[in-house]
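Sharing a structure here in structure tokens format.
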Amino acid sequence: MSASPASDGRRFDFRSDNVAGVAPEVLTALAEATKGSVTSYGEDPITKRVEERLKVLFDHELTLFTVATGSAANALALAHLVPGWGSTLCHCEAHIATDECGAPEFFSGGAKLAPLDGAHGKITAATVAAYLARDTRGVHHSQPKAISISQSTEAGTCYTPDEVAAIGAAGRKHGVKFHMDGARFANALASLRCTPAEITWQAGVDAMSFGVTKNGAMAAEAVIFFDADLAKDFGYRRKRGGHLFSKGRFAAAQFDAQLTDRLWLRLAAHANAMASRVAQGLAGIPGVALLHPVEANELFVLMPERVIDRLEKAGFLFYRWPAEEGPCIRLVTAFDTEPAAADGLVAATRAVAG
Amino acid sequence: MSASPASDGRRFDFRSDNVAGVAPEVLTALAEATKGSVTSYGEDPITKRVEERLKVLFDHELTLFTVATGSAANALALAHLVPGWGSTLCHCEAHIATDECGAPEFFSGGAKLAPLDGAHGKITAATVAAYLARDTRGVHHSQPKAISISQSTEAGTCYTPDEVAAIGAAGRKHGVKFHMDGARFANALASLRCTPAEITWQAGVDAMSFGVTKNGAMAAEAVIFFDADLAKDFGYRRKRGGHLFSKGRFAAAQFDAQLTDRLWLRLAAHANAMASRVAQGLAGIPGVALLHPVEANELFVLMPERVIDRLEKAGFLFYRWPAEEGPCIRLVTAFDTEPAAADGLVAATRAVAG
Amino acid sequence: MSASPASDGRRFDFRSDNVAGVAPEVLTALAEATKGSVTSYGEDPITKRVEERLKVLFDHELTLFTVATGSAANALALAHLVPGWGSTLCHCEAHIATDECGAPEFFSGGAKLAPLDGAHGKITAATVAAYLARDTRGVHHSQPKAISISQSTEAGTCYTPDEVAAIGAAGRKHGVKFHMDGARFANALASLRCTPAEITWQAGVDAMSFGVTKNGAMAAEAVIFFDADLAKDFGYRRKRGGHLFSKGRFAAAQFDAQLTDRLWLRLAAHANAMASRVAQGLAGIPGVALLHPVEANELFVLMPERVIDRLEKAGFLFYRWPAEEGPCIRLVTAFDTEPAAADGLVAATRAVAG
Amino acid sequence: MSASPASDGRRFDFRSDNVAGVAPEVLTALAEATKGSVTSYGEDPITKRVEERLKVLFDHELTLFTVATGSAANALALAHLVPGWGSTLCHCEAHIATDECGAPEFFSGGAKLAPLDGAHGKITAATVAAYLARDTRGVHHSQPKAISISQSTEAGTCYTPDEVAAIGAAGRKHGVKFHMDGARFANALASLRCTPAEITWQAGVDAMSFGVTKNGAMAAEAVIFFDADLAKDFGYRRKRGGHLFSKGRFAAAQFDAQLTDRLWLRLAAHANAMASRVAQGLAGIPGVALLHPVEANELFVLMPERVIDRLEKAGFLFYRWPAEEGPCIRLVTAFDTEPAAADGLVAATRAVAG
């Protein structure tokens, strides 16, 4: 292995896409946004402009609410769709189920999550339909009120438009709302090469968490409702959750920068490409295998314990991941992952495992 | 009146300190902070450094938790001090009581606020003591568990160290915790010319909301606990409130910039000076009077309706404020308020009212 | 004073109507209800019968939900009418505001109460209208969503049908729902000599807490909705509040007994008569005065401290009550208060004060 | 089949033990309890006496809180042991997980349940230990704070004292509290033939839900804490949940009757005996098999669909139960199940299936 991790940790850090900083365009937009005095609490021109741009992007009416974090976006959105006696169907490894310390339960006043199994981080329309077909025996039981899927998923895979539409249809048959956790929406879109509309409202999605923080922004997450009726009163919910920024222009400016000249898709495409590059490089190395298809910017790689140890000793940063199949690591690429880092990781793996 | 409001709204906008943008030093700090890859979720070096600087500043051990907004800081802090069956004593016009859409009640699972009267936005130790001396007749009644004061207050006044200490002592006698809403803490400090320690932990404050957003930051608020035991488990509460930033370095960087070279006090002192300048300028104008002493960066000015109308027509921006004494407006100055704007407002008022 | 309190505390106990036991008819109904096996969780014939009887009584369609306590009835009903960002207007001394340890706030996820002043425990349409006319400035403020009045009130007074209707109309103008706390509904009805319809749905009441526990039952409280749409999903809310009795027939049987042969009104009329008897007896005793008109089964009596002391020493049981006008006691009569007890109290007071 | 269900549904109703009425002794106790005037809200002599009797029964200090329902007891107890960011380990078919419409989540402000698998309705110490040994990765994850087991279980089985103690020890090692849902505690005790102490505090149980409603009472459930520190402030929690009865003597009187002359154990032993009688009768009938061991008063019986149909047509009442093994019914016996009913069911089954 010729490349060795430099003191600058960035290039060899595969822990997450949120260990990265922000894209220069985002910083520029913030500097521009500070000019002048504007109405606070999201009533500023930049927020309005972003909402308009999103309408064009999604080719649909929508209502935008910026919030501080992806957990907030998910929890606030679900709390708006699901009453306390309701439940949200989701994959058993969904971020809302395993990584938000009960935020959805907190914001909804104790609504339940109904975790479903599914290969490669995805639930299926069939599983959803089977769950909803069960007799839920009246008031003793939490009532299914929403489905939430992650796009891209926690396993680094993507739902196709057809898959999304089938899940949406299975839910709608039972009056169940449909939420998409789009913390890595750009990565999915860049991978699927479809339109935003095709994998959201056209596939039955009622509301989504739309985040660009992981994609080179600083802290820019939002809830989008495709139905104005559903959005009603959400402003109160956001405010009392402490998620209404006083200087709302700055959250909006980050979205604005991302949506300009397709920056968000370019950044996501780069991150995805770096993940593919690693995946291709690892292919054929003895004892190394992918746990899930690599369709966005995450890789889950099965490899011998001694290889993992050596990579860690060499200074590569990543998380070990629980897997029944054996020792496994998660690698996440970001908008600023350098090809040399991807190649370095591959070379180091090959050197040890080969 | 020679000056007239320009198309750049900033100079004549007295609606709030949150209609302003950010100080250049804050932008520079953000640009610097983006470099390199760091651990996410607040485990980064900048967050650590800010916590250390705050320990020096307050001359005390403390635990820092950055959050997205001042409402979040207040509500999360109070929820940590007050169980669901508890109540928080506060001024009847406190931000937590009137401007957070029930955030404290939401985060605490329904704890009550006990609003107290008091001149010029301040509660007194005597009022607190009288309230706490009442028989609360057991389980039928919410139990007083915390006091919260704003520093500076919603009336633009400041509690002296002695006043704070007396309130803290009145509460401590009944086992009641003490919280300070420091959304304008810098303005208070710049006005009082005491140390941070004197008006916080030395005066019995257990926890505070410490915000610099209004003082030239973008979105930088925090909860500070002066007692590590009280801080226990607060990280879980913040996370499930959706207030743990993934790229925590950027919230921290804003504090870092503010704490460097006393920027925060310089900015606050300027805002305060602009408020004083307006107050002095208005003194003696017939029919114009101050509703509260001007001790920070807010003025509440009684003036005839026709004067208010003329100021609005002239392009000055501010909010009308309810007051029993008659027509009233609120003027808020900020870190970037220009002397010309202050003078322009005075001149315009004098021209109409004189 | 010829009568002296016997060892049997019942006759001289004026602390509350809930220190009394139950009417014999209620016990008989419970014994009868135990026969046979019936569907549990409120799907039994007795519950159905009570609901039908109430429809006749109120001359209106309605939906009945029995619950365990009056606090539960109030809190569950209000939580169903008011979202978390809402508020409920009520008298500042309402049971929901002062005696339920925050139950309404808990069940609603932190909705606020907006306490209003008013003479003799009653709010007025004018006060309500004035409150609702205020500008509530958008998302920063809890939104008025319900009004709750107690019938009879915590001051032992009753709202006339006209007063109720005026309050209801004032609220409806702003889309605000109307709730009645009828923990002493029978006492009000017996006093007002109007129909149940006249002081409920005909006066704009949407939902009520209907209790007979204080009126000779054991634990029989209910929420009644006069609008089936409002009742939707309330069963889930009740269940997750732990207020769905498994053997629902027994709560229903208590109502059944009360509604048979107008028992509830006879019991309430007796309690009211005993309160009037005391009031008339006390009239003209020097230094003794009523704080509020006596219109139901509660008296608030101003009397010199030494008289209060002597009554206590003589074995009479009652609570001292805070009043700005001077030393005050509250006396509550019940379905089983004996005339001799009422007379004994009057005689003892006269003996000391006269 | 010689016996046929009479018009009196009681004798052939195996739907649940809550379709039964109450034992005569309970009615007598209620009639006795009504005498005299007593302090309300659980400060009455009967409640005090029951608490004392329970201390003797459990051979330990304890604190008693009566509540309206078993769901309330479970949810209130768990909310007191588990903060919002906590989770409760339980069997995946536990009543708290599947039959309380999210009451535990509601009362705890959104704490999670962590459902575990286990044969015959029981979790094991090994499963608990394995779960707790997992790395829960800090603030992103709900923290295990309590274990809850049902005694007897939803599968009609009982935990032995050793099993309980092992689970308690596994939890205590990680600082996790231990709760027992004793809605059918008497049935378990009558089956296990151990002391109440042996399967509760001696085995590490910190708090329990203790119910006698299913065992011939009307509505008598309670939370018991074996540690006074844990009980602290629970009174406030109960009150604001609407579960503090005003006429507390009547809930207590039901417990009093049950604890007199070991009535509760006699009633439970009868119910258990009837279940055994059915189990023994069904043994050897072709195509009929028990899904779980019959250790209390519930049977889960696998039988051909046509046999189930015939039993239903013959007028027997019971619920079908989901089971992977095939068609299944649940039969619950009660304190008043008559041997003739048990024999009738067996005879009818044999007649059809034989």
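Each chain gets a letter, A, B, C and D, in the order it is written, and its residues are counted from 1.
The definition used in the following text is that contacts are C-beta pairs under 8 Å (C-beta built on N, C-alpha and C of every residue); 3 or more make two chains touch, one makes a residue touch a chain.
Predicted model, so just to flag it, every value in this text is computed and none were measured.
Participant: For the chain pairs A-D and B-D, which is connected through the larger number of C-beta pairs in contact?
Facilitator: Higher contact count goes to A-D.
Participant: Report back the single chain whose CA centre is most distant from the CA centre of chain B.
Facilitator: Farthest by centroid: D.
Participant: Round to the nearest whole Å and give the separation of the Cα centres of chain C and chain D.
Facilitator: 34
Participant: When the C-alpha atoms of chain B and chain D are each averaged to a single point, how far apart are the two points in Å?
Facilitator: Computed from C-alpha means, the inter-chain centre distance equals 52 Å.
Participant: What is the distance in Å between the mean C-alpha positions of chain A and chain D?
Facilitator: Distance between chain centres, rounded to whole Å: 42 Å.
Participant: Listing for chain A: what residues touch at least two other chains?
Facilitator: 41, 84-85, 100-102, 105-107, 109-110, 139-140, 236, 239-240, 244
Participant: Which of the residues in chain B end up touching chain D in this complex?
Facilitator: Result: residues 41, 83-85, 109-110, 138-140, 143, 233, 235-240, 244 of chain B touch chain D.
Participant: Along chain B, where are the residues that touch chain C in the complex?
Facilitator: The contact residues of chain B facing chain C are 84-85, 87, 98-102, 104-112, 139-142.
Participant: Considering only the defined contacts, which chain C positions touch chain D in the complex?
Facilitator: Interface residues on chain C, with respect to chain D: 8-11, 13, 15-16, 18-22, 27, 30-31, 33-41, 67-73, 75-76, 100-103, 105-107, 213-214, 218-219, 236, 239-247, 249-251, 317.
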